[in-house]
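As written, the chains take the letters A, B, C and D, and residue 1 is the first residue of each chain.
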Amino acid sequence: MQPTGRYTLMELMVCAAAHLLEDGKTAVIGTGAPLAAAMLAQKTHAPDLIVMFEAGAMAPILEKLPISVAGSSTQTHALMHSGMDDIMEGCQRGIVDYTFLGGAQIDQYGNLNSTLIGSDYAKPKVRLPGSGGANDLASLCWKTVSIIPHTRRKFVPKVDFITSPGYLSGPGAREAAGLPAGSGPYRVISTLAVMGFDPGSKRMMLLSIHPGVTRQDIIDNTGFDMLFAENVTVTAEPSDEELRILREQVDPQGKIISRAMKE
Amino acid sequence: MQEISGELFMPPDVEAARAFFREKSRALTDKRMSVAQAVERFIHDGDYLAVGGFGSVRIPTAVLHEIVRRRYHNLGFCGHCSTHDFQILADGGVLDRCDISYIVGLELRGLSPHGRRLVERGALRTTEWSNAGLGWRYKAAAMGLPFLPARTMLGSDTERYSAAREITCPFTGQKLLAVPALFPDVAVIHVHQADIYGNAQIEGIHIVDRDLARAAKRLIITAERIIPTEEFRRHPELTAIPYWLVDAVCLVPGGSYPAEMPFEYTSDETHMADWVAAEATEESLQAFLDRFIYNTPDFDAYLALNGGANRLAELRAAEPLKRARG
Amino acid sequence: MQEISGELFMPPDVEAARAFFREKSRALTDKRMSVAQAVERFIHDGDYLAVGGFGSVRIPTAVLHEIVRRRYHNLGFCGHCSTHDFQILADGGVLDRCDISYIVGLELRGLSPHGRRLVERGALRTTEWSNAGLGWRYKAAAMGLPFLPARTMLGSDTERYSAAREITCPFTGQKLLAVPALFPDVAVIHVHQADIYGNAQIEGIHIVDRDLARAAKRLIITAERIIPTEEFRRHPELTAIPYWLVDAVCLVPGGSYPAEMPFEYTSDETHMADWVAAEATEESLQAFLDRFIYNTPDFDAYLALNGGANRLAELRAAEPLKRARG
Amino acid sequence: MQPTGRYTLMELMVCAAAHLLEDGKTAVIGTGAPLAAAMLAQKTHAPDLIVMFEAGAMAPILEKLPISVAGSSTQTHALMHSGMDDIMEGCQRGIVDYTFLGGAQIDQYGNLNSTLIGSDYAKPKVRLPGSGGANDLASLCWKTVSIIPHTRRKFVPKVDFITSPGYLSGPGAREAAGLPAGSGPYRVISTLAVMGFDPGSKRMMLLSIHPGVTRQDIIDNTGFDMLFAENVTVTAEPSDEELRILREQVDPQGKIISRAMKE
């Protein structure tokens, strides 16, 4: 499903993620594609985007892509070396605008599973790491963006385990559960498209489709009924300038952008 | 109210904790000892263990190896942001229960095959939490409280398989999650500098280690270097852990290897990849553990097997964080 | 359950606080302004005010004087460890309600006669707390929680005249006190160093100011000096307050005078004794305030009235804390 | 009531307080006489007594007597510059052995009043500072020692306001209120005597009487029925060595030891 030779699918997704980030806002970011997106945003339209890592680094100047959210590479030239409490409590207080999450499964309400595959908690078919900070960030940050490969195995009617809350069972469910009002899933960036959520039903709704991808591709690769926005656009392709920055400054070794997304 | 069914391994008995802390010695004594002595003296079969750092960052590797080398039984473990630390203990078969916010995973390094096997065959009793949830359990204990309220985990299966409880705010009437205090029997934290009494400095982010040091009933410090107490009195703003919380001080240069140590050395990705590969089968794993732990007397010998001082020098050269002068 | 009858001046509405913090600008802008500009822009009649420091240690005197000079009305105040700070505001008649853990007293300097008169004639609505209780109210707000449990105040009249609530622990069944989050409308903190964006360093003990800075909806920083942002990036371990929490940065050398500023200058006991003496009668107090605040344009002029640079130099020479070199 | 010319009453009280402090234990101390006692203890039998101040200073080497519990003089050569939270939470966790408190009134159960004199909270006859950290320390530290002038105005049947809890209404009352088990008033050092508390009734019990003071003096100056221990001793007089250290090293300016206690 590689759209053209000018850029990789990952480069398209990283740029789509970068475009979501506003200047002068805060984001708690993990490793991998989301961090490449944040770095690209800082080097283009959002120089004052404040990047935080859940383990305690605040507003670093990133020199290389970290492999751990607590590693030295998250702390270079930081404005503050703090702790996980300060970061997570800031999220809970409402000062963190964006976060990025991944997962093994996602459903139409944006609920994410990164704990297990199977039906028996005590003896899962596949044990995955668990929440880590994902549940906290999905619960507390204002806008959650998920990046996830678009297959029926991952876009499922019902996740095997709700590790991190999306809109749970639908409208009002987050608030009823005690989660902060007005927070929740914002966008899903997949290998096929960019999706948001219908304000009324809180169901996933396709907003833009990647170049070369058809509606039928979406339907064939989605395990639930995907809503389509009234005017679905084509996902903006990376500009040559964005690609140059990505390849020369953000990820010169191509650790992320030349990687195909694991399925 | 959501049904919550997870097992609570460590009930938050603050009165018992107060009684323990009342009796704990606060005497100013030289607490230096070998890792073997510290482990033998302060860790017992069945204990609930917590470690500082973040899985592949600033972990007390020497103590983790010694626990495996001594073939401990039925340890409980706090799987908070744990990657290589959990991997060592899980591979060594010393655990029988685990609070989980993050295990089995190795961040960008993938998953631990043996850790997966262990959980998938039900060999560990497990309870789910989030990173903040477990961190706040340490903080509740550090504060001497039986619980802290939280606004995470609510409505998820993470909550359902946790051992938290839903409560109602007496002021706002809103639903909150109460996470129970966690007082580990023993905690092990690797730091940059300590003095002989246990005063300790941590450079870079402290993650949850300030709270963990206060929550733990017994505390083993491993340190890159021992410095004079006078250095703490010259820079009291850098002290993370005061001596009266500490039971043992072990000098272990390179002690976080193969994990990284901010401002000191980066991680040994080759060795950590070898470790994951060795987990392919039980046989290959046992051979690997024989070589690097069981048939190896101590951490220095383990370092030597991996290139020793030369390898560590390479990793020091590759460390991104440099100390500011003055 | 003990009857608890105190007035809750600031209900712990965490959803309203989240909505406020969502809209608060986090833009990287030069926030330097005069004390007059900061007060005019960020403090309004009726606001609930909190100040950092500890009454006679590291207080934002210039802002407190400006509030009095502008004759604000009906301010609420958090009387947490407050001595000379409360004295300035109480003498200026700008307060109508006060949460109290410590007011009127001046530690070893005795009691403030005017502060006593004010409370004894019922001119202030007051609610009682303890130092830890009020500190934990800030911490609850900083954590984004509507309350924190506590084991203090229970069974006392301090509890009875507070606005806390008794709750039962869902794990242990024990009785606990819930102290409500306190989100001040505006907080003012005097620090050693800040940059033009609001990043701030506090030297010596921070008391409760890390939590206060996070709890406050609006935050005014007064600083002994402005330093380059690069200094924060060279020493991120020393940052107490990151810029995105801050609304105004005011350069006020000597800004804690006549209170002491650790590592900078000691207190002016003569002037503080004069202040207490001036409170003997309403008349003598008004004359004193006319001279030192109402008829004085700003803090520098106030300093000049008290000996200015020469006096400050004496107080600097008498400061016990010396910075460690390197 | 000055017992002899060799030492002042305050010196006797400071020494009596110092004798209570054990080596290698922790104490949260305020300013004034208690601090002089702690410094004396450190320079005599308890060199490793750990002194903390409620505002955040841990284990300083004290050079001069502070006038504020948050001042520079509490922080000189400290092992850690922390915050009030770390100190108070340590008390709540159970790691602080001793604290010293004063007050305007004390009753037979050791309840202390430092908030107001009078019967109407809204319009007190005399408004005092309030709890400060006193309620916290009295609630959370293991052993509370009070230092207070011995007069009927201060040793009262019922305090006008329980600022800081002693044994409240008697046996079991602290635990019933939710306060930590096993904590509470330990000693009261007055201008006439040293008192403890009867384990059964939790009522104040005289243990030692200052030199030159009679039982009748105690009865005449106490507003409630004072219990007397089976063998009441005479309060130990300061040794010449203690006096030398007090006068030369602890309080050379005589700020505390040559002061008569305010009544």
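Keep this in mind: a residue touches a chain if its C-beta (ideal position, glycine included) is under 8 Å from a C-beta of that chain, and two chains touch if they have at least 3 such contacts.
Since we're looking at a predicted model, the values are computed, not measured.
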Overlap of the chain C and chain D neighbour lists contains B
Separation of the C-alpha centres, chain B versus chain D, in whole Å, is 40
Between the Cα centroids of chain B and chain C the separation in whole angstrom comes to 38
Chain centres from averaged Cα atoms put chain A and chain D apart, in whole Å, by 58
Chain B touches at least 2 other chains through residues 14-15, 144-145, 150-151, 174, 176, 204, 237
By the touch definition above, chain A meets two or more other chains at residues 75, 81-82, 91-92, 140, 180
Contact graph of the chains (line, ring, star, complete, other): other
One finds touching chains in the pairs A-B, A-C, B-C, B-D, C-D
Within their complex, chain C touches chain D through residues 2, 53-58, 79, 81, 83, 100-105, 107-109, 111, 115-116, 119-122, 128-133, 135-136, 139, 150-158, 161, 166, 174-177, 203-211, 260, 262-263, 266-267, 269, 319-321
Residue set of chain B touching chain C in the complex reads 8, 11-15, 144-151, 165, 167, 169-172, 174, 176, 178, 180, 203-204, 234-235, 237-238, 324, 326
Within their complex, chain C touches chain A through residues 14-15, 17-22, 24-28, 141-145, 199, 214, 229, 232-233, 236-237, 239, 242-245
The chain A residues in contact with chain C across the complex are 23-26, 48, 50, 58-59, 61, 75, 77-82, 89-95, 97, 140, 142, 180-182
The chain A residues in contact with chain B across the complex are 31-32, 53-57, 63-64, 67-76, 81-85, 88, 91-92, 111, 115, 121-136, 139-140, 161-165, 168, 173-174, 176-180
